[in-house]
Each structure stands twice: as structure tokens, then as C-alpha cells.
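Here the chain labels run A, B, C, D, E and F in written order, and each chain numbers its own residues starting at 1.
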Amino acid sequence: MKKLEAIIKPFKLEEVKEALGEIGIEGMTVSEVKGFGRQKGHTEIYRGSEYTVDFLPKIKIEVVVADDQSGAAVEAIAKAAKTGKIGDGKVFVIPVEESIRIRTDEKGDEAL
Amino acid sequence: MKRSLWKYLLMAALFAAPLASYGQDSATAEEEAAVEIAEAAEAAELGEATEGEGGDGGGASDINSGDTAWMIVATALVLFMTLPGLALFYGGLVRSKNVLSVLVQCFAICGIMSLLWVIYGYALAAGGDGCNFMGWDSSFLFLNHLTVEGASGTIPESVFVTFQMTFAIITPALIVGAFAERMKFKAILLFTTIWFTLSYCPIWHMAWGGFLFGDLPGLPDVLDFAGGTVVHVNAGIAGLVACIMVGKRRGFPKTLIMPHNVPMVLIGASMLWVGWFGFNAGSELAADGVAGMAMLVTQIATATAAVTWMFVEWRSTGTPTAVGIATGAVAGLVAITPASGVAGPMGAILIGFASGLVCYFSATTMKRKFGYDDSLDVFGVHGVGGVVGAVLTGVVAYKSFGGSGAAGLEEEVGMISQVMAQIASVVITVIWSGVVSFVSLKVIDSVVGLRADDQIEEQGLDSNEFGETAYN
Amino acid sequence: MKRSLWKYLLMAALFAAPLASYGQDSATAEEEAAVEIAEAAEAAELGEATEGEGGDGGGASDINSGDTAWMIVATALVLFMTLPGLALFYGGLVRSKNVLSVLVQCFAICGIMSLLWVIYGYALAAGGDGCNFMGWDSSFLFLNHLTVEGASGTIPESVFVTFQMTFAIITPALIVGAFAERMKFKAILLFTTIWFTLSYCPIWHMAWGGFLFGDLPGLPDVLDFAGGTVVHVNAGIAGLVACIMVGKRRGFPKTLIMPHNVPMVLIGASMLWVGWFGFNAGSELAADGVAGMAMLVTQIATATAAVTWMFVEWRSTGTPTAVGIATGAVAGLVAITPASGVAGPMGAILIGFASGLVCYFSATTMKRKFGYDDSLDVFGVHGVGGVVGAVLTGVVAYKSFGGSGAAGLEEEVGMISQVMAQIASVVITVIWSGVVSFVSLKVIDSVVGLRADDQIEEQGLDSNEFGETAYN
Amino acid sequence: MKRSLWKYLLMAALFAAPLASYGQDSATAEEEAAVEIAEAAEAAELGEATEGEGGDGGGASDINSGDTAWMIVATALVLFMTLPGLALFYGGLVRSKNVLSVLVQCFAICGIMSLLWVIYGYALAAGGDGCNFMGWDSSFLFLNHLTVEGASGTIPESVFVTFQMTFAIITPALIVGAFAERMKFKAILLFTTIWFTLSYCPIWHMAWGGFLFGDLPGLPDVLDFAGGTVVHVNAGIAGLVACIMVGKRRGFPKTLIMPHNVPMVLIGASMLWVGWFGFNAGSELAADGVAGMAMLVTQIATATAAVTWMFVEWRSTGTPTAVGIATGAVAGLVAITPASGVAGPMGAILIGFASGLVCYFSATTMKRKFGYDDSLDVFGVHGVGGVVGAVLTGVVAYKSFGGSGAAGLEEEVGMISQVMAQIASVVITVIWSGVVSFVSLKVIDSVVGLRADDQIEEQGLDSNEFGETAYN
Amino acid sequence: MKKLEAIIKPFKLEEVKEALGEIGIEGMTVSEVKGFGRQKGHTEIYRGSEYTVDFLPKIKIEVVVADDQSGAAVEAIAKAAKTGKIGDGKVFVIPVEESIRIRTDEKGDEAL
Amino acid sequence: MKKLEAIIKPFKLEEVKEALGEIGIEGMTVSEVKGFGRQKGHTEIYRGSEYTVDFLPKIKIEVVVADDQSGAAVEAIAKAAKTGKIGDGKVFVIPVEESIRIRTDEKGDEAL
């Protein structure tokens, strides 16, 4: 199994979820993160001084998939999250040795 | 090019004309002293025209400390309705990326309308030298005529001017809810400035100056105690026109746009409720039995509308909601406004019930059906609630409908004619405000544009137009 | 089945009876006109019975604009205590998944109690045709007797009715803190409706109607200026009974249940503090020296209690806390309430100190020891603080304890008897409210159930009972 | 050792002296009854000295219900400015780890200053038996002289005392913004206690007691209607001295320290705005034309300053900001304070514009340049705005500058002399408050230390000094 | 070493922590996440319309353990977090190549 | 490629970011987490009772680097985040099989 970690622009979440749903992936875990990278943040003004806020709000999607689904899932995410503008984000693929569904104690691909 | 143009326009509008006349005035300041006293008296009469109590106005000796005490506080209460009341009510309803935009809009409108009211608004609204549609009195410019002793009825004229200033603040501020989360700040400032000048002041003049609405051919005097037409219908229609012309928020209605902070909405609604005692009971301009009854009926109508909304929503969706009960309360407050000086407890229950029901329908089913994005329901609650209230005022003023009797002559006037007069005032307000809104937005659109860029709307107005984010 | 049953019960309670009598009344409306005036006068007397100032009541000519100005504002202040004051104080103390439930409960109670007060509450409380325990006056139903001119003492009766309406709102609203985060909304609405009818109105009648508490065998008149028994002991006991019958929150006391938003708690406490000037100084029903002194002692007692709580907590736990100092302030406000019209500065310091100390003990050690889950310390602060205040009123009213002398005859009455009278009023209130609460909760439990499902409690009442989450 | 020392000092300061004299007083309580009445009258005169209206004071028969109604409400409004107004304004500006510290500081100061004012503050400020610099009247200790009937001008003395108590609360509370997020709570309590005693009470006495500021050699009476010197310059300088002596926050100015909750800042600012009507119009101590004009000019100056700040910031940084417009409003409120009883609309525009501009400069460029960490701009807004207002009061009081004429004699006094008197009062206040602050902070530093530990500052004061975190 | 990532129901955190403590694991890192899966969210009402909020608040626990503790830890988590109802969550096991304790520069199992 | 996950004290974020920048790493993803470990939280008082809040606010930095940068990056982080006091945190090194830059579809080290 693989864990895909995708860092995307927040407003793309809906589309990415749909794209994954289309290839049969419904389970995933999402969190709010701050991204640092080439894309720069906005300028804040405080007491007449300007400060650049260097992080940008991003969404991290974590989804564990069976090995054979991994390629399709990466593609689906990348396609749905793309705007072509700087800051679109990344997908990282990380090996997973085991998965357990807590409710049923199912293991492996069954657990996803 | 575009940018500099608007600046000149704004500056011209704000300062050129009135400054000119100010120069003139001050040259002849001494001779006008006497005139001023007379005009203060006149203003006093104006202020009371719709309440049907002639005052002989004028001398400081008429100032009643109890009435003055109440009216100073009423003024504070109405200011409190806008800042922080309305600002919070609206601020909580938008997404967290836009909350500051709404708050700054309310603050800026408060500042600018205060100044405009001082500079020329009071002259346009309350001045007696104009016509049936628009007032004028050059001595009122910059409130140059005001003295410490000058009275308006039984209160200092300074208090009357400030009380009315708070109405001139909240009315344009109400409109921003309609195009929240997407309209350019510059365009909002221009729009509210023009609309204040060409719609708020004239309708004030017609209704409370004792002009057009007291002079409708073949109809009795319109009853608008605290601003059903002047404030709510007026602002509600402007909101509807503006939200259509500015266009929907990106994603509306497909994406779920939820209020970012519901407790903030409820704090705001509570402050509106409490502050509204100043609005309605304050419109009596005195601390007397009419003011007391106005407070009571305000409370009853609001409670009824809130409870009505709650039960209707409970029944139709399965749960009551916090935003719902708060919106219901505001609907009741809006609707009782024109009637607050004439209704009794039973009339208040009637108006509260009707407004809770009708506004629930207009803010839900009707808005969904027509598909306009009146984001915070300015039209759905203030526009529609204002119409409900204005029309029903012609009913509940009658003793047979529990009317308090304060409307005076009403027994001589048939209910049908009175309701016709009410409807006429609504129609005039709708057309007037609608046309002013439409034309001024067209002009502003061509000069500075109405809408924030897509990118800015996506990221939020706060970090782009206001250089800050709300929560850090 | 269960569901439909409660609806019928509720509707019956709310509308059937009073509507019946309303029909009757309106039939004879004309003949009653004269009677109404007389009754307004009577109501005026009732309202003032405990203040010991007879007014000859009635005619509009007696209305004093200064007193009216103050009382309109006092009414707004007391409403402000509930919305948003109490709502925020309570809302901040619960977990974020339940904040909306508390806010909606406060809003809904505000709406419903307003209507009940109009429909029959004023008749039950202030009507003179009842007995020593419960009032009645069929002309008061739907406030059918009210006129713009009718006075109650020196203020319009409409103002007196609305002022008292705000008390009828806040008292049941106080109770919800005891069973926050777990009781069903339906059950809360039923309970507060019944309790208002059978406990609030009767105790009002006994204390402020000039009945039982002015007629205790062998004892002097009870002193309860602004509601020690009527409001705080009454609500505090109801809270205690209810929190025990509803049961503890899941996990209490093992799991740490922390306030989700402490600044919100402090905003709420601040608004309670400010609004309480309307509560206490407003209970004079006039803008005079007694009202001024009531304001001063309110401020002193509150400051003393807040500082006392802060130092006691600092000493016993090592740090002061924000929730602590705010709770201390509320304890002081509660305790000075019955004494506010009779105490002087020294008495206020005494009451503030005693209530800060005793309520600290009751909300911490005592609650821990007995293990009931009085979630937001309704009993610990309002119940216990109310008792402390009610009893000490019998002490600080005396000039030798700095009493302002406003209590009138007190020098003729020995302190022991006065304190006995105070204690008697507390005991009566405790028993009365306790029994009403117990019986009505038993009935409601069997009809609709008191508690939300475990699953709902776990996920939060907001998303289940109110279809919203507070922060998005 | 250190710890116990400060406790003794504090206790001594708070209780020893006044308690001693209290014992003495009560021994002779009876004989003093007559004297008290006389003194109430005297206090009344003091209270009005700067408003130039002699009252013959004293008897209860002079109490005017309208004036009393207004002043009770004004008192509530000024309390509302501190709690929750100022607490929120400051609380929103700090980081979330320190918000409770600011809120508790405001609450605790409110409690303690209320008690100190009762115990000896009123005697030090308003007592007529002192010298030109400091008042005294042993019968005022513990407000032992107060009666329900005693009047101060046309209002009960109890109301005057409470109104002034709210000023004695907010002034020290203002200072905490200067050293927010780093100063020890103990040290803050000690400092505000000492500063209240040795700087607030004396300056009150000089300005409003009719002493030094009415007795400057060769200069006319200083005009300070509502507290430009007493409140704002006084607190602003204390803030400057304290923030320098306490030192900068860790990381300042390198790290970005952003407000944690901007909407909270704007709620607070709004409440300050509304409450300020009580502050300024209340300082007339009556509900009359001067109060009305004071309210009007307060609104105009605030609006002007807010709009000025907005446009200046917009121009210089590219966007307006929410914190900016709110700060601008506060600057306008501060600056109009001393002038509010004498200025007219044009003067208000002038003061609003000047303060918006100058305070923008002082809170941005100037602070950056000098590098002190006046965290929430107490000096930049209250100090500087107070100076601007105090000086310009000497200009706008003149009819040729739109003055309302309420200043009375001013036409006989040349503008130059009046401005000189204003400047003199500012200089005296700056030196007096500066020296008191410096010396008392030195002493406190050596006894308990001024600053929280680095570790504590890093983790936040809330979780360390106050045992709570704000949001859970 | 292994990193266990457990997605659990929020109110189970206390119990899971205790269960891990019993087998000697005290260090862990916890974050709030939004879970999408078979369990469906609640219904929100806004202006008379009902919307299904499709995510559910979940807690993510990350705990790095020595290889030989991994099995016991997974079991402890799964047992403590189980309610038997849908939405109980998952445990994922991911390989970790190295761990460093910043304070001491200890490496490997020592660092945990 | 490796993913470094660093759990650090919140106020060290700035310094760690700078240290990484110095060795040429600009991209990273940051989130707020709660840490449990040897360092104990503060004491909260509620209604006169003291409770120990057992978690501490921590910052989690996730940064994916090329294999050859991994050592230097770990060192940079550890050095910058160190205070020498308990609770400084950890760095975990986790294998990454693939990285994709969504904007350009670049893969592997190119994508970082």
C-alpha cells in the first residue's frame, strides 16, 4: 500500500475529492496546513509597516491506497488540483507496510 | 486614469459645493443669528411632523431634561446598532476571509455618513427651502446654524441632528450585506455616498420632512413612525438592485457558504434588538407614553417574529437554528418600525407573526427560486419586512386592531385609504431607490468597476483590500 | 405519540385559556375602559409596594419625563443582560460543540417569555384579584387594558410592563446554565414555560405584588428591592433541582470540561455588570437619589466580590483566573440585588465580601463535595449568592450598618425580626420553586424525556438539535 | 521575603490609613450630619467648576429627574467603555496567549479602583480641605458622608461619585496597553494603585476640583471639559514611561506581533465610541444643550479622525486597515474630550482631522523611529491625541472657530493666553505623571520586579499567571 | 522503527493515550483532522436548505515506535479506539529510517 | 527522496526555516500539533481545581528532500531547533518513493 500526501490549494479540495471518488476512492483524511515555497504570501499592514506573511494556507490530503491504485490516484489528484499557476502543490508517495480498520480489525487492502 | 477620475469625483461631491456655500455663509454669519433661531424652530416642526404634535419650538426654555436625557441615550443606542451591532451581525455571517471587509465597510460608512450629514445631508433632508422631493437650507450646511440653546421641540436641536445622523449611518450600512464578500471597497464608498445623497435624504424629506408623504393627492398622511420606508424599504431595494448588478459570489449557490462565526451573528442580532429601542421609542423624540408603548410593541413584535421563525423552521427543516431565530428577530424589528408609534400589543403580535412568516419565505424559498445572491438577506429581511410593516401600519393603527390611538386622526380616515397611502409610499420608495441605485451603480461600474478581481475574491477581501487577516 | 402529546400540551398552555378570556374581554371592551384606568393605578401601586412610596397613580399628567427616560433605558439594560450578556457568559463557558444550543435557548426563552408575559404573565403576577400566592386580573390578559396615557406611578404603565417583562425573561434564562450541554431543547421550552407560570409569577406576586411577603404572620415586610428571592433564589433552586434530575454531563467530573472561549465569558460578565445598573437602579422606577445610591452600591459590591474572589483564588490555587474574577463579579451583583435600594457603601462592601467568599466556596468545594453537575454554577452563584444577599439585606438596611435609610421604617423594626422575615422569604421561595421544578420535570420527563441521546451529547447539541456548528 | 514585603506595602496602602480615619469618623458620625450636607454642596460646586455654572447645590429638592436619568446612564456608558470596551480593544490586539492577561488586568483594575475611589480616592480628588495640588476631606473617606438626599448640582451626589468612579477606573486601565504581554500582574496592581493615588487623584483635583488649573499665575482657567489632561495625557505619559522601563517584548520589533483577533478589536473600539457619549456628554452633569452639543461634536470628531486615518493609511501603504480605522476613531475620541463642552461642529472637524493625522504619525513613524514598545499605542494615541486635543481646545472654544459659546467668558480672554494655559496644564500633567510613574516603577521593580520571566513571556502570560488558556 | 498513524474518533483520545501508556509509550503527536469515509457527517441547515457536511472531525495520532513494539502498539490503539460502529478509523504503519532527539542528538530507538 | 518530519517548539520555527534556507531548502509544509512526551504542560485552574493540561503546542515541519540532502537537512533542523531543554522535539526520516509537482507534472527530485 501507498500513502499519497497531496498539498493543494484550499479551493481545489472539492474537485480533488470528486476526482478520487470517480476512481472509487472515498476514504481520506484532510488537514489544514501552512505552505512555504515559491509562491509568496500576502502583505499585511500593521501600524503603517508592511510585512510579508510568507506562508500560504494549503490543504493536505492523506489517502492510503492499494499499490495498484497508486498511479491512477496520483494522476487524478494532479489533474484535479492543477491550475497551472505557481503554488499548485505536490503529491508525495510514501510506502505503507500495514493498514488496520479499527472497527473490524481487517488488515491490508481490505482495511482501506 | 480610472483611479484618478474617481478621486476627483469623490472630492467634488464631498467638499466642493458645500465648501463654497460655507464660505458664503460665514461671511454673513452675524446677520443670520436671528434667522437661525427661527430655522431651529422650523426644524423642530419638521422633526415632529409625522408624530402629529405641533411644538411652538425654538427657545431654550422649552428644553425638557427628561426628553433630552432619553434622546441622548436613544442616539447612543442607534449608533450602537451599527457599531458594533450590525457590523457583528454581518461579520459573523460571512466567511472568515471576508469578516474584516464587512467591519471596515461599516466603520467607514459610519465615518463618512456622519460627515456628509453634517456637511449637506441635514440641509437636503430637513431644510424647508426645497420642493416636495428634496429639501434645502443653505444655513444648515456644516450645521452652521446650530447653537447650544437652539431647540427642536423639547430637546436641543444638536440632539435631534445627532439622533438623525445615526439613522443616516445605519441605512447605507444595511445595504452592504447584499453585496458582501465581493464588491470593491472603493465602489462601495462611492455608491453609498451617492445613494445617501440622492435616495436617503430625499425619502427622509418626503416622509419626515412632512412633504410628499404628507401631500399625496387624495390620500391621508402616510404613517411611518420610525423608518419603514425611509430606512428599510429604501435600503432593501438598494440591496436587491446592487446584489443583482454586482453579481453572485463565486460558487453561489453551488458551494456551501456558511457563516464563519454564528455566536458573532447572535451577539450582533442581540445588539440590534436592544439598540432598536432607541430607534423606535426614540423616534417619539420624547420620554412619554408613546415612547413607552413604542418600546413595548417593539419587544412584542420582535419576540413574536423570532418565535414564529423558529417554529416554522423547526417544522419545515426538522431543527430550529441559531441564525434563523436571530434573523426572525430582525424581521420583527424591521416590520414593527413604521408602526411602533401607533400599534398596541395585539397589533404587534400581528405584525411580528406576519413578518416572521413572510420573511422566512422571502429569505429562503423566494431567494432560491429567483437565484439572486442577496448574501445577508438585506432585501429578504429589510426590504420585504419593511413592506410588510409599512402596509400593516395602516391596519394596526386602528383601535379596532389594538392601535394605541397615538396616530391621532385615524378614526376619521378609512382603513382602506390609509392602507392605500401606505402602499403608495412603499411604491414611491421602491421606484426612487431602485432608480437611484441602478443609475449610480452603472456609472460607478464604468468608472472604477463594481467587483473585486476573481483572484481577490477567492483569497478573501481581507488580505487583499485591507492588508490584514482577522484571526492570527 | 410522545411528540404530538407535548405539542398539544404546549399549545394548550400557551393559547387556549387566555384566548378564551380574550374573546370575552373584547366583547365588553367599551365598558371596561373606565375600569382599566383604575387598574392601571392599582398596578402602579403594586409595582411600588416594596419601595414604600404610594402614588395616586393613573392620570397621564403624573408622568415624569426624567423617570420615564431612565426606565426606558433601564429596560433596555435589563434586556441587554440576557441578550447578549447572559447568552455570552454561558456560551463561552460551554464547549464549542454546544455554544449555539445555549445561545438559542436564551433567544427562544426571551421570545417565549415576552409573549407569555403579555398573554397572561402580567395578569398572574400583578393582577390584584388573586390570593396571597397568585395574582389574577382578566383585563390584564393580552395587556388589553394598556393605554398610551396609563401611568404606573410616575412612568407610563407600558414602561413598567416592559421593564418587568425583561425580568421575566432573564429569570428562566438563568436556569439553563444548570443543565447546559445535555438537556433536550423541547424539554427546556416546556420546563421554562411551566416554571415561569407556576413559580416565577407567584413569587413575583408574593414579593412585589405586596402580598405574602408583606403579610407574613408576626414578621415585618420582606425587603427585596430588585429580586433576591424573585429572581436569584428562585432560579438558583430551579437550577439545582433540574441539574440533579437531568443528571451529570457524560464524563463529569472525570473529564476536564473547560470553557471554550474565555474572552466570551468575560464579555458576557461585563455586559451583565453594566446591565445590572438597569436591574437594580431601575427597580426604583424613578431617577432619584435612591436609584443613584442603588447604582453606587451595586458597583461597590460587585467590585468587592470580584476582588475578593480573585484574591481568595490566588491564595488557594496560586493564580487568579479570568473565569474566577468574572464569576466573583456576578456573585456580587446577585447578592447586592435585594439590598440595592437600602444599603449604603459600607453595607455594599460587606455584601460584596461575603458573597465573593461564600460563592467561591459553593462553586468549588461544595459542588465538588456533593458531586452534582451544576454546569455553569446557577445554584452556586445565583442560588447561594441570592440567599446571602437576601439575608444580609436585613442587616445592611440598618443605618448602623451604613444603610441608606431608604428602607423607611426599619428603625422601628428590630434587626432580628427583619432578618427572620428575610429568611422566611428565602425558605418559602426555596420550597415553592423546588417543588414546582421537581414536579414539572417529572411530568416532562415522562412525556418527552429530559435528556438528549448519548450520541447527540457526544457530538454536540449544536449539530444535532440546531443544525449548525458555531465556527466554520 | 520580597513576596511578603509587597503584600504588606499593598495592604498598608489600601487599608491602614483610611481605616484609621474611618474609625475616627464613625465615632463622631452624628455630629457630622450637618457638615455633610454642606460638603455635598461643596462637592457639587467642585464638580461644576470648569463648566462655569455655579449651582447653589445641596438640598434634595434641587434634584432634577431628567439630569439624573441621563447621568445614571452616562455612568453605565463609561463603565461599559472599560468593561468590555477597552478590555476587548486591548484583548484583540495582543496575541492569543496573552488575551486573558489583558482582560483580567482590566477587570481587576475595575474592581480595585472602585474600592480605592470609595475608600480614599474621592477624598483626595474632590475634598476641599487640601492644597492646590491634592485634595482632602476626611468625611469623604469610605463615602461616609453620602446620603440618599444629598445632591451635587442637580443630581444625587451618589450619581456624581459613581460617574467619577468610572473615570477613575478607565484611566489606569488605559495604561496597561503600553506594557501588555510582559509585565507581571502583581507589579501592575501595585503600579496602578500607586499611580491612581499619586497622579490620578491630584490631577483630578487640579483640573476639576477647580484648584491649580484654575489658578495658574497670569493665565486664564484651563479648559478641560471631560478629561484631556486628567485622563488621556495623564495615562499616556504613564504608559510611555512604563513601557520604556519595563522594556520591549521579546522579539520586538523584529518579529511580527500581530493582533490575534481583529474583530474583537473593532467590537471594543465600537463600544468605546458609543460609551464615550457618556464620557463627554456626561461631563456636563446634566441633560441640556451643552450635553447635546458635546455628543454631536464627539461624533463629528471621531468620524473625521477615523476617515482621516483611513485615507492617510490607504494612501501611504496602499490599503486601509481595520485596526487603522478603529485606532483613528479612538484618536478622535481622545482629542475631542477636553473640547467637547466648548467646540462646535467646525471645531470638531478640525480636532478630528488633526488628531487623525498626528496620531497616525505618532503610532507609526515616530514609534518606529524611537523604538520604544508602546505595545497598544497608549502614548501614541492617548498621550499624543490628548495633547493635540488639550491644546486645540484653546482654539476651538472661540466662536470664530465655531465654538459653541459654552465656554462662557472666553471672548474676553485672548486666544494666545488660553492656548498658553492649555499648554501649561499639559506640561504640568506630563511632568507630574512622568515623575510619579518613574519613581513608583523604580520602587516596584526593586521590590517585586516589573517583568515576567522570559519563559513565561514566551509561553504566554495566560497559562502561567492566570492558570487558563483563552480558547479550548 | 515504525510510525503508526491512527485516525480515531475524537472522544477516544484519552483511552488510546492510556492504552499506549500501559505498554510504556508516552511520547506522541496529535492533530485535528477532517475525515472522509463511509461514516457521513451531520446535516446543516442554512436559510431553509439542508446541506450534508461530508467530513467528520477526527483525531490523528502519530507515534514512532521501535520495530518490536509496533505490533503491540497497533493492537493497543485498535482495542482502545474501537466502538464497533462505522467511522472508528484506521491505523497505518509506515517505515521510519531514522529518528533524532533534538535536545540530545540521540539517534534511533534511543530517540523515542 | 526522504521526508523529514520535525516536531519542534513553536517559537523555533523562524530559526529552523532560516537554517533550511541556508542550505537551499525553501519549500516545506507546516502544521500545528499537540505534543505529548516527557515535557509536561501547564496547570489550569477551573472552579478551584487544578488540572494538568498534558499536551503542549508544537509545530510539525514536513519537508521532502533529495536523498543526498537528507543528512544536512536533519542537522540544520536539529541545530536550529535546539534549546537543550526538555521538549525540544524530534526529527523522523521517512522514505518517499515519488514526488510530483502538480503544476508541471515534474517528478522526483525535480519536483521538490
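Heads up, the rule we're going with is that contacts are C-beta pairs under 8 Å (C-beta built on N, C-alpha and C of every residue); 3 or more make two chains touch, one makes a residue touch a chain.
In this text, all values refer to a predicted model and were calculated from it rather than measured experimentally.
K.L.:
CA centre of chain C versus CA centre of chain F: separation in Å?
P.N.:
Distance between chain centres: 53 Å.
K.L.:
Any idea how many Å lie between the Cα centroids of chain B and chain D?
P.N.:
Computed value for the inter-centroid distance: 34 Å.
K.L.:
So how far apart, in whole Å, are chain E and chain F when each is placed at the average of its C-alpha atoms?
P.N.:
18
K.L.:
List, in ascending order, every residue of chain C touching at least 2 other chains.
P.N.:
In chain C, residues 64-67, 69-70, 73, 258-259, 261, 287, 317-319, 321, 323, 464, 467-469 touch at least two other chains, as defined above.
K.L.:
Of all the residues in chain A, which ones touch at least 2 other chains?
P.N.:
Residues 31, 44-46, 50, 53, 94-95.
K.L.:
Which word fits how the chains touch one another: line, ring, star, complete or other?
P.N.:
It is other, because the touches fit no line, ring, star or complete pattern.
K.L.:
Under the stated touch criterion, can you name all the chain pairs that qualify?
P.N.:
By the stated definition, chains touch in these pairs: A-B, A-D, A-E, A-F, B-C, B-D, B-E, C-D, C-E, C-F, D-F, E-F.
K.L.:
Considering only the defined contacts, which chain C positions touch chain F in the complex?
P.N.:
256, 258-259, 313, 316-319, 321, 323-324, 360, 363-365, 367-368, 377
K.L.:
If you look only at chain A, which of its residues touch chain E in the complex?
P.N.:
1, 3, 17, 26-31, 62, 64, 94-103, 105, 111-112
K.L.:
Which residues of chain A touch chain F in their complex?
P.N.:
Within the complex, chain A touches chain F at residues 2, 5-8, 31-38, 55, 58, 60, 74, 77-78, 81-95.
K.L.:
List the residues on chain B that touch chain A in their complex, please.
P.N.:
255, 458-459, 463-464, 467-469
K.L.:
What residues of chain F sit close enough to touch chain D in their complex?
P.N.:
11, 14, 42-46, 50, 53
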